[in-house]
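What follows is a set of notes on a single structure, which appears directly below.
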Amino acid sequence: MCLAVPGKVVKRDDDLKATVDMMGIERPVSLRLVPTAQVGDYILVHAGFGIQIVDEQEAQETLELVNAMSELVEEDQLATNPAEAY
Amino acid sequence: MCLAVPGKVVKRDDDLKATVDMMGIERPVSLRLVPTAQVGDYILVHAGFGIQIVDEQEAQETLELVNAMSELVEEDQLATNPAEAY
Amino acid sequence: MDFSAFRDPKLARELIERIHELVGDRTINLMEVCGTHTVSIGRYGFRSIMPAGLKLLSGPGCPVCVTANRDIDHAIALANIDGAIITTFGDMMRVPGSSTSLAAQKAAGRDIRIVYSPLDALDIAEQNPDRPVIFMGVGFETTTPTIAAAILEAEARGLLNFSVYCAHKTTPPALRAIANDPETTIDGFILPGHVATITGLAPFSFLVDEFNTPGVVTGFEPVDILQGICMLVQIVVEDRPAIDNAYRRGVNADGNPVARQLVEQVFEPCDTTWRGLGPIAASGLAIRPEFSRFDARTRFDVPVEATVEPRGCRCGDVLRGAITPSDCPLFGRTCTPEHPVGPCMVSSEGSCAAYYRYRN
Amino acid sequence: MDFSAFRDPKLARELIERIHELVGDRTINLMEVCGTHTVSIGRYGFRSIMPAGLKLLSGPGCPVCVTANRDIDHAIALANIDGAIITTFGDMMRVPGSSTSLAAQKAAGRDIRIVYSPLDALDIAEQNPDRPVIFMGVGFETTTPTIAAAILEAEARGLLNFSVYCAHKTTPPALRAIANDPETTIDGFILPGHVATITGLAPFSFLVDEFNTPGVVTGFEPVDILQGICMLVQIVVEDRPAIDNAYRRGVNADGNPVARQLVEQVFEPCDTTWRGLGPIAASGLAIRPEFSRFDARTRFDVPVEATVEPRGCRCGDVLRGAITPSDCPLFGRTCTPEHPVGPCMVSSEGSCAAYYRYRN
Amino acid sequence: MSHSVTDSTVLLGHGSGGQMMKRIIDEVFLDAFGSPELLEGNDAGVATLPASGRIAMSTDSFVVSPQFFPGGNIGRLAVCGTVNDVATSGANVRYLSCGFILEEGYPMDKLHQIVQTMAETAHEAGVSIITGDTKVVERGGADGVYINTAGVGEVPAGVALSGANCRPGDVILVSGTLGDHGIAIMSQREGLAFSSTIESDAAPLNHLIADVLSAAPDTRCFRDPTRGGLASTLNEFAQASGVAMEVDEDAVPVRPGVQAACEMLGYDVLQVANEGKMVAVVPAEQADAALSAMRAARYGENAAIIGRVLPLESGARPAVRVRTGWGSTRILDMLVGEQLPRIC
Amino acid sequence: MSHSVTDSTVLLGHGSGGQMMKRIIDEVFLDAFGSPELLEGNDAGVATLPASGRIAMSTDSFVVSPQFFPGGNIGRLAVCGTVNDVATSGANVRYLSCGFILEEGYPMDKLHQIVQTMAETAHEAGVSIITGDTKVVERGGADGVYINTAGVGEVPAGVALSGANCRPGDVILVSGTLGDHGIAIMSQREGLAFSSTIESDAAPLNHLIADVLSAAPDTRCFRDPTRGGLASTLNEFAQASGVAMEVDEDAVPVRPGVQAACEMLGYDVLQVANEGKMVAVVPAEQADAALSAMRAARYGENAAIIGRVLPLESGARPAVRVRTGWGSTRILDMLVGEQLPRIC
């Protein structure tokens, strides 16, 4: 219900107004809901507002987890009956 | 400075509103300035108002006068030196 | 009734011949006061066919031509009121003020609408109750009764968003100024038929009484105009100054008293400035204080730009009959209907425009 | 940082394989609560590639779909206020009310403008100080903080011509209604990532506590969604109900307290009616009386037409997960995106529209 | 419910390149125009053109307001206008393109009527509409419907008509009464409205032209006196050919109602627009043949010889003069600015 | 004084058929376009067309707002759009007509720029503008400038391209990245504005088409995926040919900024408009040749093979499917209604 896309804060002023770069497109975004966001941070942008600072650490860990899962798949593929792997 | 064209009153109501036919085109015209104009009368129309009832008798007489002038011309033409006719 | 006899080419030809006879080798200067006469004379090509000695000068009877630059600038300033609807006769649209025109303002987004009648402006006011609807009032005695009637009707209909910017003028004071002008010699005036329809003949008798100059009230069909010229030439030739009437079907001696009464009720005389003639006492009409709610001049306080007169334009001299348009050094060169320098070139009734359009 | 790994087809393929392994021959019903998940699942074609036993049901997370017909009619009535400018997200434009839509009203001459942000509506209000500018407020927890911030900014900027028609709703009460529904059996919820961005995880724990039903908060990239499904299936299969988070980079356990505080300041909970689910206590948000000057509901008294529900439309059943769109007898026959019968077919996030658009 | 919303008026979606656009094309345009080239559904219509090696092409956009007026609608104008322009070259007019710009909210039934009229008029003229385009603009971005048409025809070998061909001694003809279209439109204008029996003259004149050309094979040029009226057409001819022209005012056919409206509004009827009239310049010795052919053709019953081409006096600039019934002359210039009513 | 008024903006008089119109035509249009046909000043341009016996004709109206946007202006679109449409038939595009609808008050210098761009683009494409028309509408009757162009070309013997020609086994190509034009325009819209380096791709592709046709002579059809984007083009082809089509999503070239804007606004890039791209369907055995020709041509450097034509399963309706990188598929429909941003 709530389209939000990540973008990088490339400029901010004291007024909580920022410019955010979303993969090459720039738009003014309000930091009213993420007042601690700094230049260089990625934030989730929804309807012209940042709604959360993206946690890059967590992003990394998620990808590692997913990679682990896929390794699981590869291991499972060695098993003769994948449906019984669990 | 004041374009006005003759038209025939083809309809009028108590409100001094009339419909006037100007050689086949019809337009609403106010009779506020010519309150005695009746259906069948010709009036001079300027900027949506009748400004005078045309005197058909006078029109006739004017044309007769002009015709008289032209007859004068024709008579004059018989004269050898028109510039001296007066 | 059939008025087509007033266009009969045969009658016209005979009258032309008669005028030639009457004028002979004489030099006679006539002035047609009315702009509609100027246009008609051009359109009928009469100048190309008149005797060499008969000069038809154009007078001050184009209402937008004699409107002072300042008034035009004021009208344009009113057009800039936020939300206003300006209503105007077509004639006013392209007239340049000091730096712009109503047409250009319309192109720039102002709501400016051409109407055929001031009553159409009332209907617009009724349909747009939340917006000021301002009518640009220019014109002479023929038009002022219609404006007076519109103001009275606005009052009756409760259309308080309607108002009039009033730049109306009366004819006789201008004629007096011209008759007084040492630079112009007019042997007779072709008097404005539809002005006389309202005023009757009396207001013109001063021409004879004070200046010994005759005048003939004239209609607008070819035969009317030729007859008027013919009568006037005859008076001049016979040297028996009088005010005569060649337009009896549309003008009676007393004019239209009903119309004059309405004008009297709504307007009062005021001093006003004529382009070319300068300020003339009691030559304008102002809306009476009782009707000031319909007076756009007092109702809206708008900034009017500093007036800049068109450089080199001799409209003033043209309007006084001191020169003919083609005597103006700009005529047909830098000043054309497409690129008008003065209002006399832009108004369709302007002498310069009529001379240019129908040049023979 | 580069987020493209979340779209890596290889990772996606492996997760799909893993889901197949986990589901095996089981029958598992998951509901994606969020309309953006519905759209993404359709767009990524995931239904065409899931195990036969895994059913992905669409939930009540399309804001315009769950907006009661009466609210839409009210919004349209506001659009008819003379001089008003209606601002709205694109989603609302084509949604049919009882007899018309905002798009049709715009075509009929109303001033209705699409904005990307409520802040854009404030700018419009600033540029049009004499006209009421009304923002059509629909949406869930993700959107309400932006509306609250806009109202506070309107107050700070003195934009008193700005107001909001508020039809906002909160997610957990609807989930509770669905979990309570005897007609639907949901084994786990794919929880809305960007709602949780604001709310954190706590508001969803009742699902486990009261209904023993697990949920996984999920992001929106292909890998995110597949990972969420994978985690949820694993929980279901292992039968250890919990609320887990597959979208840790965008959702922390406590959500966004700054945003929640703004919502608290401007809005208060109210009872509201959901299409399909009926009235649910304390499931809506109303503008607090202190801010009533920004509340279009109280500020404008407009006549709202009698509500007519679309005949034969089973949106309500779709929104509860009782049927899938293709079970509706009108789906794809008389009801298509071009000729929508219900809002679920017209909103781009509507389940019926997403099913139709991406039908596999 | 939304059926009626979608179908009764034009919406932005009808121009968006998607399904709604496909539907309006199928149901409104293809249905009425239905040429095989159009039905192919490609981006360009491909059609045969007997190989003379020369084509004539013309275009006009039609923005008339109101779209429906006494004697026709914008659709009839849109076909006639371009057919007539192409035909003035002497070409055999064959194919039209047609581009619509629609304002959202425009009533679909009126669009249907307009399109139907176009189809009928094209049929009457014997031309095919082989390609088209539809755009929808936001409310306030157009005044209902604008239509552009472009037309193509093949020019027979040996035919080379041009406004530059007029020679002193040539005779000027007009195919009927002047000013009807302009006055019919004017009668509908807010603030100026009047009622009359004047109808627009919009008509396809390609057959009339063909008839004149075969009766008067040395015809110099044709032109339809549309915006700017006869005044613009003759001034263009005079300038292109470096000649003077003279029109006998009394010979110009004008309906009394048109004359009356022009007097009321202060217009010169010679500057008023026509949409179903043709001006032709022919050598004097073929003038009678041309006149007879015009009068015998549909839409030519009121044709008249109205003037002549004169040599340019040395040093003079090309000009058009009008000669009155009493022997005077005046210059007939092109309209300056827009045509404005003159009242005071 | 009134000089500047008259010359700096467009006024109603510029469209009235009189002297002001003559001036705008002479000074703005003839000056820039200056083809001999146009300079003749007749109502129709007469031009030669080597006698193949078949012509292709197409028209489009251009109503883009704003008129100036990153990468071009409405004038470039107006030439490219029609050149490309005519070229899709395989025709040698030769002549354009051009009709302007101007809103009074439009700045004259912007009009000059637009016209200049048209002249340059026509020159680049190797086509002549041989006839034109100018209308001026009242303020509020248009959004600045609308342009219609119609184009004509001769179709070489033996060439018969059509969207109905696609056969199972054929290969689908696109000449470059998708969505650039639509997103460049969108970036300028009130309420949605964003800044990016995305520029409109407007370009004349007639030479590219000629190159592909000579490298892959059995090409089935071309079409420029304008409004409605690739989705409309392929659905039109599938329906006309009675086939299914499949697109590999990962093979479709899309610029990152375009992708980002689509995500922000909730658009499907496959439904976004292009103005300088060409879709071609070619037999599999000529696909590599076609691709090489595209890539070697100007504006074709990012060309790619993006999918294939499939037989229609019995009972199924023509449809287009997109295959994702993980092997799933979805239906790609034509846009429904106008393209609206999706936010909540």
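The first chain written gets the first letter, and so on, giving A, B, C, D, E and F; residue counts start at 1 in each chain.
To be clear about the criterion, a residue touches a chain if its C-beta (ideal position, glycine included) is under 8 Å from a C-beta of that chain, and two chains touch if they have at least 3 such contacts.
Here is each chain with its UniProt name: A, B = Hydrogenase assembly chaperone HypC/HupF; C, D = Hydrogenase formation protein HypD; E, F = Hydrogenase expression/formation protein HypE.
Nothing here was measured: the structure is a model prediction, and the numbers come from that model.
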Count of contact steps on the shortest path from chain B to chain D: 2
Shared chain contacts [chain D and chain E, defined touch]: F
Relative to chain B, chain with the most remote C-alpha centre: A
Chain-chain pair with the highest tally of contacting C-beta pairs: E-F
Averaged-CA centre spacing for the pair chain F and chain B, given as whole angstrom: 63
Gap in Å, rounded to a whole number, between the CA centres of chain F and chain D: 37
Multi-chain contact residues (two or more partners), chain A: 1-3, 46-47
Residue list for chain C, restricted to those that touch at least two other chains: 63, 89, 94, 103, 116, 120, 139-140, 142-143, 337-338, 349
Chain F, residues touching no fewer than two other chains: 11-13, 19-20, 138, 264, 266, 333, 336-337, 342-344
Pairwise chain contacts, counting only pairs that touch as defined: A-D, A-F, B-C, B-E, C-E, C-F, D-E, D-F, E-F
Residue ranges of chain D touching chain F (in the complex, touch as defined): 7, 9, 12-13, 16, 39, 42-46, 48-49, 63, 87, 89-91, 93-94, 103, 113-116, 120, 124, 138-140, 142-143, 222, 337-338, 348-349, 356-360
Contact set on chain F toward chain E in their complex: 11-13, 15-22, 40-63, 65, 84-86, 88-89, 91, 95, 97-101, 130-133, 135, 137-138, 140-143, 146, 148, 150-153, 155, 160-164, 221, 223-224, 226-229, 231-232, 236, 240, 271, 273, 333-339
Residues of chain D that touch chain A when the two form their complex: 1, 3, 5-6, 10-11, 14-15, 17-18, 20-22, 24-25, 34-36, 61-63, 89, 116-120, 139-140, 142-143, 145-146, 149, 153, 192, 194-195, 197-198, 220, 223, 227, 230, 237, 246-252, 256, 258-259, 262, 349
Parts of chain D lying in touch with chain E, wherever the complex brings them together: 94, 96, 98-101, 103-104, 106-109, 308, 310, 337-341, 346
Chain B-touching residues of chain E, taken from the complex the two chains share: 187, 193-198, 255-257, 259-261, 263-264, 266, 342-344
